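Dropping a structure here in structure tokens format, bear with me for questions.
We call the chains A, B, C, D and E, going by the order they appear; numbering starts again at 1 in every chain.
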Amino acid sequence: MITIVFYILSAITLGTAFLTILSKNPIHSAIYLVLCFFSIAGHYLMFNAQFLAIVHIIVYSGAIMILMLFTIMLMNLNKEDERHKPILSRIAAVVSFCLVAFVLLATFIKAQPALREYKVSGQDYQSIQVLGKVLLNDYMVPFEFASVLLLVSMIGAVLLSKKEHINS
Amino acid sequence: MDILIAIAGLGIICLVAEIFNLRKAIVPVTVAGLLGVLAFVGAKIFSKNPDILGLGFDKEPYINMIINDKFALSFSALFILLTAFLVALSPEFHKNHKAKLSDFVAIKLFLLTGAIAMISFSNLSMFFLGIEILSISLYILAASNPKDVKSNEAGMKYFLMGAFASGIILFGIALIYGATGSFNMLTINAMDREALPSWYNIGAVMLTIGLMFKIAAVPFHFWAPDVYEGSPALSTATMSTLAKVAAMASFFKLITTLNPHLPGFLTTINIIAVLSMTIGNLMALKQTNVKRMLGFSGISHAGYMLLAFQFRDLTFAQGNLFYYAFAYTLAGIAAFAVVLYVSSSKGNEEVYSFNGLGKTKPLMAAVLTCALLSMAGIPIFSGFFGKMFLFNQVLDKGRMILVVFAVINSIIAVGYYFKLILAMYSKESIENKEDNNTVPFVYSAVAVIAILINIGIGLCPELILQLMR
Amino acid sequence: MENILQEIGIDNYIYLATLLFCIGIFGVLYRRNAIVMFMSIEIMLNAVNLLLVAFSTYHQDAAGQVFVFFSMAVAAAEVAVGLAILVAVFRNHNGIDIDNLKNLKG
Amino acid sequence: MDVSFILIILLFGAGATYFVGDKWASKAALIFSFAAFAATAYLTYLFSTGHKVNSMHLWIHNPMVLFALQADGLSLAMTLLTTALTPIIVFTSFGNLFPKTRSFYALILFMAFAMVGTFLAVDGLLYYIFWELSLIPIYFIALIWGSGDAKERKKAVIKFFIYTFAGSLFMLVAFIYLYQKRHSFLNVHLYTAILTKNEQIWIFFAFFLAYAIKIPLIPFHTWQANVYQKAPAAGTMLLSGIMLKMALYSIIRWQLPIAPYAAAQYKYLLIGLSIAGVIYGSVLALKQNNIKKLLAYSSLAHVGLIAAGTYTLTLDGLRGAVLQMVAHGFGVVGLFFAAEIIERRFGTQEISEMGGIRLQSPKFTSMFLILVLASVALPGTFNFVGEFELLYSLAQANIWLAVIGGTTIILGAFYMLRMFQYVMLGEANTKVFKDVTFNEGLALVLILAVLLFLGIYPKPLIDFITPELEKTLVFINRFN
Amino acid sequence: METNLALLLLFAPFAGFLINIFFGKKISRTLSGTLGTIAVAVSFAVTVFFFLQVSSTKVPVMVDLFQWLTLQNFSVNFSFQLDQLSLLWLMFVTGIGTLIHVYSISYMHDDENINKFFAYLNLFIFFMITLVMGSNLLIMFIGWEGVGLCSYLLIGFWYKNQDYNDAAKKAFIMNRIGDLGFLIGIFILGYLFHTVEFTGMKSMIDNKWPINESLLGVAMLCLFIGACGKSAQIPLYTWLPDAMAGPTPVSALIHAATMVTAGIFMITRLNFLFNLTPDVLEIIAIVGAITSLVAASIGLVQNDIKKVLAYSTVSQLGLMFLALGLGAYEVAVFHVITHAFFKACLFLGSGSVIHALHGEQDMRNMGGLRKVMKITFITFLISTLAISGLPPLSGFFSKDEILLTAFHHNKPLWVIGSIASIMTAFYMFRLVYLTFYKDFRGTEEQKHHLHESPSLITFPLVVLAILAFFGGAISFPGMSWLNEYLAPVIAKPAVHEHLGTTEYILMGIAVAGAFLGIGLAYNKYISKGEVPPQDSEITGVAGVLYNKYYVDEIYTAIIVKPIYAIGSFFKNVTEVAISAFIFGLGKVAVLLGNEGKTIQNGSIGFYLLFFVLGVCSIIGYIFLVK
């Protein structure tokens, strides 16, 4: 049962991911990508990681994709006027996609883990409480550090888009 | 940890100072602050108990995130020094964009925190955040002249490829986590390599690839020359000095800590090292843009630094890498100080702009010459010792062939370094004689100080080497 | 609490994540529209997030999930900066076709 | 007071010369170079009276590098040569007016500094550093103050630099490789490093590459003639008078004692190559119409003979080499200076545009003639002493080698006299040849005095260098 | 005392040289010459003193100054040796030297560089003394090269003429070829004996020191090559006739009387070694004989008065070598001495003629001079008779002894020697007839100025003529003072037969031969009154002879030209090729860099493609291939 769900979800994930890439209209891409993110959230739910799934939806679908959509619309890019890459480049892209997929998959298939048993600790490790504890105790430093990251990107975004005044 | 806080604090101060209209104070305060932090780092290196302030940062949980060993501290000191130079150069460089000055300075400071996190991490999350802060700051710096088409292109290229590389790094981290169940480097390092699933090795290789991109090693180097050329010169200076050695040091630390037991891994690194040296040097031969040339030269230097992975004694390897990085970056800073001057007075960085510099600005020409000689590995400049220590280490491991390649590359490198020197000393300036604008004080000061430090550590390599030991 | 991996197996998640990652790579290679390339990179990051969560379950460890948060933060920051650059490019080039960005070469 | 004092004087002199400004630079350079000479002489005196004048300090712990300067017969002799020639070379430039005077003289002193360091250093790395360091000043001297077409000059100079740099890098690799064996760069340690035969051969040829390019031996010589021609006179004198001696000296100090097996193994190959250079250089010298090029090729021939002598691995060969280095050093400096004197007056280096100088300036002609005769090793000049010992050592190796090498005295006479004839003799030239000035004359007379005095009474020098050569020879012959 | 005197002997001419070279311009011409002459005269006086002393005591005077060269096997000192041989040589070197100096005072009086001339002459004497006095091979070599240098300087004395300079250069270089042989010989001897002192080597030979005979043979051969160079023997003789470019006193002193006999001196000096190598001696004899014949045959047709004398010198030197080769060292020495007298006289006489004719040297433009230049003519005639070997002049005794010895040892060589003697008589009398007999064939202008030379010129002529006449007295057959005198220095004197019938017959043949030559000359140039034709009309055998068998041309073709050709080859091919190769390496690097630029094409997609391929290959290599 759960396996079937997994396969269905996976198919959706991969399919929408492909569609994201293949659709000509960036708006369509964005929509497909949102779908893809939702399916990934589905995967998270299957892991019983509800908090993560929600955060995922909020951040990716809610923030990042919206930002992208805004940009697309601001720039009036919702046209299917993208000229295709030269055919040679596209073939190269397809070939290298096949190659990289083959290499990675082959590597992973070759690298079957020795043990096939999965431990079940029975402990709660992914509830909000636990995550909060881990995040704000063990991972307090990176958590704070992430603020620097966000600050940088903020300053950066401002710096890059700020119209310059002939200033004092 | 305390270093990170201090520097991030400095960054905030910058931003606040702008709000309070203290623009003039930003740079002096920052530089002074950085030098203060540098002194602090120095004290930490030499004191027995690194936790000088007694804030408990060397205990749980901080120790799981940031570890202040000599390697980390030494490199931190170098990064702080470099940032001090870069910040000092900023006001002159951005004199037409005074409003943005605080942003630039703050970004550089945050970039510094990222760099320090990258080398003092003891948890992969810190590493990842550090490298991302560094990268994102650099994307911004690369694109920081939004009106300039070249700067746009550079930023875009760097961003797209950098994000791509970040994905690969992240993938590698995930795999390592999958194999070990931990992000903590100490825990991972203590594990039995043979018992780990081979995801671990794949993850290590992925990380390697990602970091190869950051240090611009062949075949992940394509971005470097383009971005170096397109970015504003000061950003290029940052990339080619601070960012490059930060990535390299972090790479070194990461790989030596992860220590994958993998046949062919070191061979791969060696091949990449040789390729980087060779291609970097060959491509640099025909360049006419100095920034671009230095970009290719940086690729070859990355190749040299990759030789540091051939070691028998980790401490010495660390010391040698640090020395090389120190020598290379100081030469780079000195060179870029001159490039900044030329580019501001001539409007571009083409080689012909340097014509006749030996006559018009002998000091600048002399500094640039010294810097180039150092990069080329001519003694008494520290670049020579950097190379020599690396060669020594590699030969100690018995990898003769690598050294031979490195040597052949050193020969090729002379070709383009001397092209620039030739231009300065044997060609007449194309411009007419009234080119009598004086060199801004900060440029010459930074150039001279940097090159003096470079020569100084060449005269007394012990100063640097002993930091690690 | 049962472990979903007992049903499906960590391998399949790895393959899934790898494929998704490769699709992301494909997207970056295949398209010349910068914004779609951004999306492809997001796909790559998401693939890794998925993998991290799977490993988190595999190890019954919260750290993996915590890392995903950082990854999201990074993704957000990257997108913000990326879009800012994109806007700058758009202003100058009146388009976001990355094949127009070929001035720096040689 | 130890030998580092000489280095300090020269280095400080270089700085001081730069800072006193264009007007006084030449005088300052003369004073400092002479002070260095005086210091060397005094140290030589101290050394010969049994004082220890070595300088030995730990420099870098790991890899262990010592700041080790050793005064012995060999190194002091070469140092004396350097510090004696430097004031003369400085002095020869007195009449010249050129831009950036102070940099010029500062570079000359700096170069002397590096060369003295090369001769004195016994720590391999230190030696290498000085060795490389000496390249920089000559590069700039030739580049900035050189003559002729700027483009051609640049080409020649950069070729020279890359070429010599390339060679010496392999020497560096050899040194580092040796370091792995003994964890020291000190020469005596390296001498006793245990090397397999293969290793010795590799190391030997790594050294050889560096030295063969610098000396130069054929076929590594192509940089030479052009650089000699393009460089300013002082640069050429430094190059030919001292710098190429660095390589010859290094053969004795480093290459042979470190890899004696390989040296013995390839003895005849190397001698053959060197002697081929003798003939090659001589024959080419016959075809030159440019006086500086001619002298360059003659230099090629002479140093070929010196190299051949050193590779015989006999005391006579080594001693002859050292003597001939000194002799050739003075002689070639004198000849290039003479060429410079002519160029100052006639504004040309082409032999076909000269002639008839004897009519106008018999004094100069006489001095030039003596230089020419010294160059062809007429007995009574110092060059004969060196050449005799060299040829004798070759004869001991194989009589035919001496015969072939000895053709230098025939071919040498051929091209030198031919040059003398067309430069000095014949009908009066239409151009005016002003008689040599006092300064020029003094410089030439000093050189001639040295050549003639040592030609008659070389004993002090021979006695001075022999003990050290014998010591070295023990290392060289330790496998036989 | 002895040391100081010996040094005075050595350095008096050197002092003369120094004074003349440094102050010559400031003092008057005559004073310059006088000083030079006095310097040599002092040497002569000292020589006489030593000569008398050594003749009576029979103990050589040794002077050891200081160490010069140090080699592993031996060291070389500045040391001098005044024994019978060197003193004998010094006697005529300084003696004739003094005379020629006197002669030159007048002869060179009008030359602006007379001080240089005397300086060089003094220097020459100095080096010649060094050569002769040296007690080891290397000191001898100093002198050996030194006289070569002076020869170079004096041949090219009139340096404005590049032809003269060429001649000087040629002399120096050909001498150098011999010098190389000399050097190699020294090397081998040093290697064999661990000393190059004459006395040292001699005592080792006397003590039966084991010697590698074949190596010794090589050494001797090399030394003989050295002697060939200096003494103008085949194949290194061609410089001597060209050397006549120098002023005539130079020709007399250097190229007739002294320097060119250095080879004979050296071989005589080393006779104890040459005796051990009979093969080499045989080569010497053959070379000497052939040289004497070849040179004499060329001399038959030369028209330049000095060239005739030059070839005559070569020919006579050949005879001396013949004697040496036969082991008759003292005979060779005897001929050296007599030859020095009469050849110096001949050269000076010709100089007197040239002086009178203002530089005219072509005999076709002379004639009839005996009426005007009586002293010159008489002295010249005496010397000519001497060289032709007519008794009782000195030449007769010396030459006859050589022929006698040759007859006893090797008949073919005797035949060659005799033919050469006949030729000598012929061309010498041809010279005399063309110059002094018949009518003057020069221009009116010259004729107007014809005069006998001043007494400073004629005085040496007279002295030399007297010596040429009576010089034979030092070694009459059977009762030779010379042989006794030289006995200590000559290891194995040639066996001197008592004068028997054979000997008298041979003498008779020789005298008859001389008369034959004279008669032929008389017939041709007096009776028929022929004058040699112009250059272009000389054809056939005479043409070959006149052009000296084209030896110069042959040398040019097979040695000089090829060297230049090789030089061109090196310059235009190898140099360029090596340069191109080295540059090529650099070019390849630059080219690769240039090609690489196309890969760096600026396209992000392309860069990413490479990125991905890099990822694939690295992962593939590490995980799939390995």
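Criterion: contacts are C-beta pairs under 8 Å (C-beta built on N, C-alpha and C of every residue); 3 or more make two chains touch, one makes a residue touch a chain.
A quick map from chain label to UniProt name: A = NADH-quinone oxidoreductase subunit J; B = NADH-quinone oxidoreductase subunit N; C = NADH-quinone oxidoreductase subunit K; D = NADH-quinone oxidoreductase subunit M; E = NADH:ubiquinone oxidoreductase subunit L.
Keep in mind the model is a prediction, meaning the values are calculated, not measured.
Chemist: Quick one: which chains contact chain B and chain D both?
Modeler: E
Chemist: Keeping to the contact definition above, tell me which chains border both chain B and chain C.
Modeler: A, E
Chemist: Which chain has its C-alpha centroid at the greatest distance from the C-alpha centroid of chain C?
Modeler: E
Chemist: Can you name the chain whose C-alpha mean lies closest to the mean of all the C-alpha atoms?
Modeler: Answer by centroid distance: D.
Chemist: Which chain's mean C-alpha position is the greatest distance from chain A's?
Modeler: Here the answer is chain E, farthest from chain A.
Chemist: Please state which pair of chains has more C-beta contact pairs than any other pair.
Modeler: Highest contact count among chain pairs: A-C.
Chemist: Could you give the separation in Å between the centres of chain A and chain C, each centre being the mean of its C-alpha atoms?
Modeler: Chain centroid spacing, chain A to chain C, equals 5 Å.
Chemist: Report, in whole Å, the distance between the mean C-alpha point of chain A and the mean C-alpha point of chain B.
Modeler: 30
Chemist: Chain A to chain E: how many Å between their CA centres?
Modeler: Result: the chain centres lie 102 Å from each other.
Chemist: Would you kindly tell me how far, in whole Å, the mean C-alpha position of chain D lies from that of chain C?
Modeler: From the centre of chain C to the centre of chain D is 66 Å.
Chemist: Residues touching two or more other chains, restricted to chain A: which are they?
Modeler: 85, 92-93, 96, 100, 104, 107-108, 110-111, 113, 138-139, 142, 146, 149, 152-153, 156, 160-161 - these are the residues of chain A that touch more than one other chain.
Chemist: Do you know which chain B residues sit against two or more other chains?
Modeler: Residues 125, 129, 132, 136, 139-140, 143, 146, 155-157, 160, 164, 198-199, 201-202, 225-226, 415.
Chemist: Which chain E residues reach two or more other chains?
Modeler: Chain E, residues with two or more chain partners: 586, 597, 600, 602, 604-606, 608-609, 612-613, 615, 619, 623.
Chemist: Could you run through all the chain pairs that touch each other?
Modeler: A-B, A-C, A-E, B-C, B-D, B-E, C-E, D-E
Chemist: Could you list, by residue number, the parts of chain A that touch chain C in their complex?
Modeler: 2-3, 6, 10, 13-14, 17-18, 20-22, 26, 29-30, 33, 36-37, 40, 43-44, 46-49, 52, 55-56, 59-60, 63-64, 67-68, 71-72, 74-75, 77, 82-85, 90, 92-94, 96-97, 100-101, 104-105, 108, 112-113, 116, 118-126, 130-131, 134-135, 138-139, 142, 146, 149-150, 152-154, 156-157, 160-161
Chemist: With touch defined as at the start, can you tell me which chain B residues reach chain C in the complex?
Modeler: Spelled out, the residues of chain B in touch with chain C are 124-125, 128-129, 132, 136, 139-140, 143, 146-147, 149-150, 152-157, 159-160, 163-164, 166-167, 170-171, 173-175, 177-178, 181-183, 199, 225-227, 229-230, 287, 292.
Chemist: Along chain B, where are the residues that touch chain D in the complex?
Modeler: 316, 358, 362, 373, 378-380, 384, 388-389, 391-392, 395-396, 400, 403-404, 407, 410-411, 414-415, 418, 422, 425-427, 461-462, 465-466, 469
Chemist: List the residues on chain C that touch chain A in their complex, please.
Modeler: Going by the criterion above, the answer is residues 1-12, 14-16, 18-27, 29-33, 35-36, 38-40, 42-43, 46, 49-50, 53-54, 56-63, 65-66, 68-70, 72-81, 83-88, 90, 96-97, 99.
Chemist: With touch defined as at the start, can you tell me which chain E residues reach chain D in the complex?
Modeler: Listed in rising order, the residues of chain E that touch chain D are 21, 66-72, 78, 116, 138, 141-142, 144-146, 149, 152, 156, 159-160, 162, 165-166, 169, 172-173, 176-177, 179-180, 183-184, 187-188, 190-191, 218, 563-564, 566-568, 570-571, 574-575, 578-579, 582-583, 586.
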